[in-house]
Amino acid sequence: MHDKEQNAFSSWQMNCPVSIPTNADYVTLAHGEGGRLSRKLIQERIVHALSNETLLAMNDAAQLPRVTGALALTTDSFVVSPLFFPGGDIGTLAVYGTINDLAVSGARPLWLTLSLIMEEGLPLVILDRVLQSIAEAAQQTGVKIVAGDTKVVPRGAADGLFINTAGVGELIAPIPSGAATLQEGDELIVSGTIGRHGIAILAVREELGLEPLPSSDCGSLLRPVEILRESMGHQVRCLRDATRGGVAAVMQEWAEASGMTLSIEEQSLPVSPVVRGISELLGLDPLHIANEGTMMIAVKQGAGADAVSFLKSLPETADAQVVGTVKHRGIAAVTIKRTLGAEQPLDDPLGSPLPRIC
Amino acid sequence: MKYLDEYRDPEAARLLLDEIRRVSTRCWTLMEVCGGQTHSLLRHGIAAELEGTVELIHGPGCPVCVTDQEAIDFACQLAQRDDVILASFGDMLRVPGSRGSLLDARTAGARIQIVYSPLDAVQLARKHPEKQVVFFAVGFETTAPATALAVKQAARDQLDNFSLIVSHVRVQPAMESLVQAPDNRVQAFLAAGHVCTVMGYESYESFVEQYRLPVVVTGFEPLDLLEGILACVKQLEANEVRLENRYARTVQAAGNQSAQDLVREIYQICDRAWRGFGVIPEGGLELCLEWRQYDARTRFSEPALPVLGIDECRSFDVMTGHLKPPDCPHFRKSCNPESPLGAPMVSSEGACAAYYRYGMTASH
Amino acid sequence: MCLGIPGKVVHWLEREGAFSQAEVEFDGVRRVVHMACVTEAELGDYVVVHAGIAISRIDPIEAKRIFETIAGWGDDEGWRPERLEEPEAPQ
Amino acid sequence: MHDKEQNAFSSWQMNCPVSIPTNADYVTLAHGEGGRLSRKLIQERIVHALSNETLLAMNDAAQLPRVTGALALTTDSFVVSPLFFPGGDIGTLAVYGTINDLAVSGARPLWLTLSLIMEEGLPLVILDRVLQSIAEAAQQTGVKIVAGDTKVVPRGAADGLFINTAGVGELIAPIPSGAATLQEGDELIVSGTIGRHGIAILAVREELGLEPLPSSDCGSLLRPVEILRESMGHQVRCLRDATRGGVAAVMQEWAEASGMTLSIEEQSLPVSPVVRGISELLGLDPLHIANEGTMMIAVKQGAGADAVSFLKSLPETADAQVVGTVKHRGIAAVTIKRTLGAEQPLDDPLGSPLPRIC
Amino acid sequence: MKYLDEYRDPEAARLLLDEIRRVSTRCWTLMEVCGGQTHSLLRHGIAAELEGTVELIHGPGCPVCVTDQEAIDFACQLAQRDDVILASFGDMLRVPGSRGSLLDARTAGARIQIVYSPLDAVQLARKHPEKQVVFFAVGFETTAPATALAVKQAARDQLDNFSLIVSHVRVQPAMESLVQAPDNRVQAFLAAGHVCTVMGYESYESFVEQYRLPVVVTGFEPLDLLEGILACVKQLEANEVRLENRYARTVQAAGNQSAQDLVREIYQICDRAWRGFGVIPEGGLELCLEWRQYDARTRFSEPALPVLGIDECRSFDVMTGHLKPPDCPHFRKSCNPESPLGAPMVSSEGACAAYYRYGMTASH
Amino acid sequence: MCLGIPGKVVHWLEREGAFSQAEVEFDGVRRVVHMACVTEAELGDYVVVHAGIAISRIDPIEAKRIFETIAGWGDDEGWRPERLEEPEAPQ
């Protein structure tokens, strides 16, 4: 029976740091049915790992204190495969992803909800490990997980574990004015080397046989955003974590929102040697690859250098660079200067980047 | 990266561009044969820089673009069988057959695995003894050694669950068919550097002789391409017709003998339908008789499906330089990257996709 | 077609016969590459890898030719071939 | 190709009110990759269906106004199969489920987040239909969907469509004192006939060949809770929607929270003839079956009759009944009087109810 | 529901209870044979009401409880094959074999489908021609007609992908084995009403004669059970030994002839291992030779797995009335409904599960 | 074992042979039931259904016997057999 499991669940055993004992316990459908086993799972594993009074009450909804400021609300589902990858796991992703969305929106993250959709047969040690990551990420960023939900779906109806988090934050003035306010001359910054998350996932998932396995940038942007906003104030126009679709997708959205052209220079883009090597090998463009702890920032003309130097003072954004500028709408919404210096349209990512041999 | 970065040096590229402009007295029409070269010319902005100086015709050298619809339909059909895992290079997934693309088939439930190497597909067969793994073997002579090696490895490991849909195409017959056309506009060729890496370039001697057209073996990085273009322009300006190798760090006259042996052991030359071109005599490779048990067409007795509808894509005219993509009646109307009529609108080596992106908000 | 990427041979795993293999490094990462067609490559040599197999050994002398050709081209003191050495740096 | 789809997706085509044209469009992985297709899907289908300015901004987080009162926060994932069933669909469930959790917690629902996890190959007409249900349910209950997320997972990695909603509400005083405050003599009420949702799902999913197909109680409890709280005030101790695990699970949780025994009478339990018939046939107990628009309420001694008469004035709770009382802890945490009048322990649901022939 | 509700009438039940208490001068020991009766006695509180008046021993009449571990192991083993869908009544899913339960197997990836009727399993086979559908045929004589009909339907439809794991058990041989034990405590039997519906009760004439024990055919609703108990107590008090039918609205002396014909056509009597009891001669049914191709044991050449460990469950002692569940050394220690050692802790017809729930916070 | 539930035969689908079937109603719902063993049932008759097949026809006369037995038992005016008719009501 155990051999079979190894195959069926190879997606999370690959690179999984957790060793699964032969007599391991697994998530069963009964864990999701609302009875004693459900309560046991929630109390002894989830609430225990997240050690949290509000959760423990297990009410239909968490009762939370009044908030003085205006609110920010966001949500994301995390469906990463494999569940564990160099640099993080689905749990760290689920916390940082939502916190980053609040942070780049100008909010101080306060509370998270946590919903687990588990496939029947998920080893409980795997769940525990993910919960531990969640607890650590929450503690590190000072947010509280105050409401949750668990569902179990039959074998084959989900891919091991999906996580949804929703986040509530308090908006802190001055709120960045947003992409719609971009103006000619504004400077574009990326906060670190790009493409690390997507390449890390691709390398482990597709079993490309690469060594060393590249590491994801999965992490919190809370401190960099705070530093930047505290020091630069109104100079910061907008921020966005460059997740799915990568930096190219953020540029495309900002160009649409502002009606301007966003233009970057290929040579100024920070790319790590590993990401570079794999991208060349597979014919991929790091601009289209997902990040999970790297953001794009637009600041007013002239503020780029200062912003970058503030960012460089933190280890998580030590590789920040000014990569381009905002211009009046030209040949395309988003452009790039490649080798020869001529400005070219930059493809909008069309679907997932496929490794190619041409 | 060594041997990449230095060939992208902007200053050196600028010098070569200037030199090309300096030596050309008129606008010459060159064809880069390989889609990889097309991709690089467009990505690095070389085509745009040379507008008015050199007209670049994006040749048929993208195996993805010329793979026959019937082969794609067959691949989709096999992929949908419960007992089959279809393995393919990522490039082929978005190319429409007459019943949709492999990506469409996957959306409809087919099991399709992207691989980086044909040898990885053999590994997949080893891992799934209960399934038939079918590798969609597209590509030029460059790729054939890898797929040949995969067949040999499957044989060594006595895997009876590995087979190929062989759609390999050969470059030189296509070039001949192009220049033999009465309305041929190509004045010189940049020969495909990696095809020549495997096959060498001696076979071009007779081609150059017969058709009186310069052929320059050319690489893929900006400096490689510029050097190849410069060599062509110089010959044309001097009214010379020679075969030159401007990718000598990689290509030797006789090519790679071991790779050719490998290909000859497994494959034999055959006529092949090229999308847009029709059947090109000796235009492809097929498995030799003694390896035919690795042919998916032998292994699976699927009835051949008729190719549906007409292939409305005008890629032939685009690839022969008689139609600029924006002049195609389907361009940006019924044909766009999200629902392409033809392969050139799909792949990053396709001319139409590149023009589409250019044209989106462009004024020219 | 035919993405061919240069990588450095760092470790032979099997050097004889049709299934010879070596570890090849591409910037920061290594991968096992089939070497049946380039058995003559030595450690430290660069090979062009396509779809998982090496299809040629890069000739370092020929590789410099273009830079020698353009040396001195351009304004001022012209293009300096010593730029060539730079890319070796990120090891 | 189409035949194949019919099989693979039989789970949502069964009883699906949407006819899927032969040339239908389907969700592809590219819809989830953050590029142009993702934006198109979100803008043209999701934002369009939910017609909502905050969503349209497509920011990382929604910016929301200040709230005066204390907050309530809840989340739930919905993984129902089939997606459509008599009486509702996954969309109505996802909205009402979260709204009900806020309502029974004493909050006025304000905002929802909406996260979709779609399986590659989901027909877009199905998605549209679900979005329409969501829009209608949101409008009917006066909540706004202000943030969202879409993910697409490969064929076979999810079961068609999973939905997560998180809800933010404002707590309205007097907040029910909660299950911990239950006292001897408190009266227990169920707001309608029990077991309708679980039986409806079982009947369509297991293809039991039953006719007519029983209908789910899926619906909003907002009005009944409002009426009850307005008219009864501090008399209401606690409320809970009796979802997974049914009425028995709610009783178990309340008994644990209060240390009291909750005791009901079988004969006073409202059960519809259809639910009764199917339960007998399959050997199931309606007390253990899920509801999605039926709640349990505890009121102070003597307040039961009034509470029931208020509830009966609304169509959605016309079948409300007093079903039991709270006692000092006796033979078991939860007890039931069956036919012969003797008080017996009531099983805590252990995992999902399985149809049996013994 | 007609024919259910009226037999649950509390006032009538009260009258019967009073009558039972009135006529009994001592505490008699009765055995209800059928697990359905056990379930009903416990669910409606009858066993508790009669404490001190009648001691009810919960007999071996739950096919779930007596199904041999080897059969469950075999079912799990088949279920885990990729080509098999195992169909089962819901009752069997939580019962542990020696390598876990079917539910465990499902958690580990096995495909298991709960069905309401064996005929639904045939339908499943029709729907999945690419799979083998194996139905786990447990149950007494009551259930055998349904599974026999399923075999006939599969034959009619020429389905070659339907088979059974036949674990049908026969009640009367088990009753005989019980009363033959030297320490037998049972003073009268409530015979299983639905088994008798199919088989009739004439065969009990000789049983009553031979063992000098009253047998009363009894139904399942509270009034049925109370009437059966009353009839037993009256006989015992009068020192009579008779066969009575107190479920006459459903049961006839000869039983259901068509159902018996159906069973005889498909099955033959065989010895069978009962969990807790060991092999009971003539204690089961197996497929006749001419239907043996529908036997999963014939169809699948899986090597028989040895049953692991010892079956520590003391269910035999419980079912023979020699051990009250709370006196079992495993009760509430290593054995509980979440990880049961034996079937009686699993199913709602199992005595141990009922006592567990009672005992949780009870003082007695 | 042997959950047997009474249902009313409301529609014959096939009355001949081993595969005869009828629609049977259980309170609010109907289901197709195999009738091979109870081909004698008439519309309106109640049958006991186990695992999808009917195993007997319920005898309405015998069904009343227990109530006739206890009629008059108990205090006051005793148990009244007319209670029997009530359950027919919810049709």
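In order of appearance the chains are A, B, C, D, E and F, and numbering begins at 1 in each one.
Note that a contact is a pair of C-beta atoms (placed from the backbone, for glycine too) under 8 Å apart; a residue touches a chain by one contact, two chains touch by 3 or more.
Note that the coordinates shown come from a computational prediction; the quantities given were computed from them, not determined experimentally.
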item: Steps needed, at fewest, to go from chain C to chain E via touching chains; value: 2
item: Partner chains that chain B and chain F have in common; value: D
item: Chain B to chain E, fewest steps along touching chains; value: 2
item: Chain pair, B-C or D-F, that carries the greater number of C-beta contacts; value: B-C
item: Residue-number overlap at the chain A/chain D interface, same or different (half cut); value: same
item: Most distant chain from chain B by Cα centroid; value: F
item: Centre-of-Cα separation between chain F and chain E, whole angstrom; value: 23
item: Centroid spacing, where centroids are CA-atom means, of chain A and chain C in whole angstrom; value: 36
item: Chain centre separation in whole Å, for chain D relative to chain A (CA means); value: 30
item: Touching two or more other chains - residues of chain E; value: 1, 4, 9, 14, 35-36, 62-64, 89, 91, 116, 120, 139, 143, 338, 349
item: Junction residues of chain C, two or more chains touched; value: 1-3, 5, 26-27, 50-51
item: For chain D, residues contacting two or more additional chains; value: 28-30, 36-37, 208, 276-277, 280-281, 283, 350-351, 356-358
item: Pairwise chain contacts, counting only pairs that touch as defined; value: A-B, A-C, A-D, A-E, B-C, B-D, D-E, D-F, E-F
item: Chain A residues touching chain C - in the complex, by the definition given at the top; value: 208-212, 214, 272-278, 280-281, 283, 356-358
item: Chain F to chain D touching residues, read off their complex; value: 1-3, 5, 26-32, 49-51, 90
item: Touching residues (chain side chain E, partner chain D) in the complex; value: 1, 4, 8-10, 13-14, 17, 35-36, 39, 43-46, 48-49, 62-64, 89-91, 93-94, 114, 116, 120, 139, 143, 222, 337-338, 347-349, 357-358, 360-363
item: Touch list for chain C against partner chain B, complex; value: 1-6, 8, 18-19, 26-27, 34, 36-39, 46, 48, 50-53, 55-56, 58-60, 62-63, 65-67, 69-70, 73-74, 79, 83-84, 86-88
item: Residue ranges of chain E touching chain A (in the complex, touch as defined); value: 76, 80, 99-100, 103-109, 338
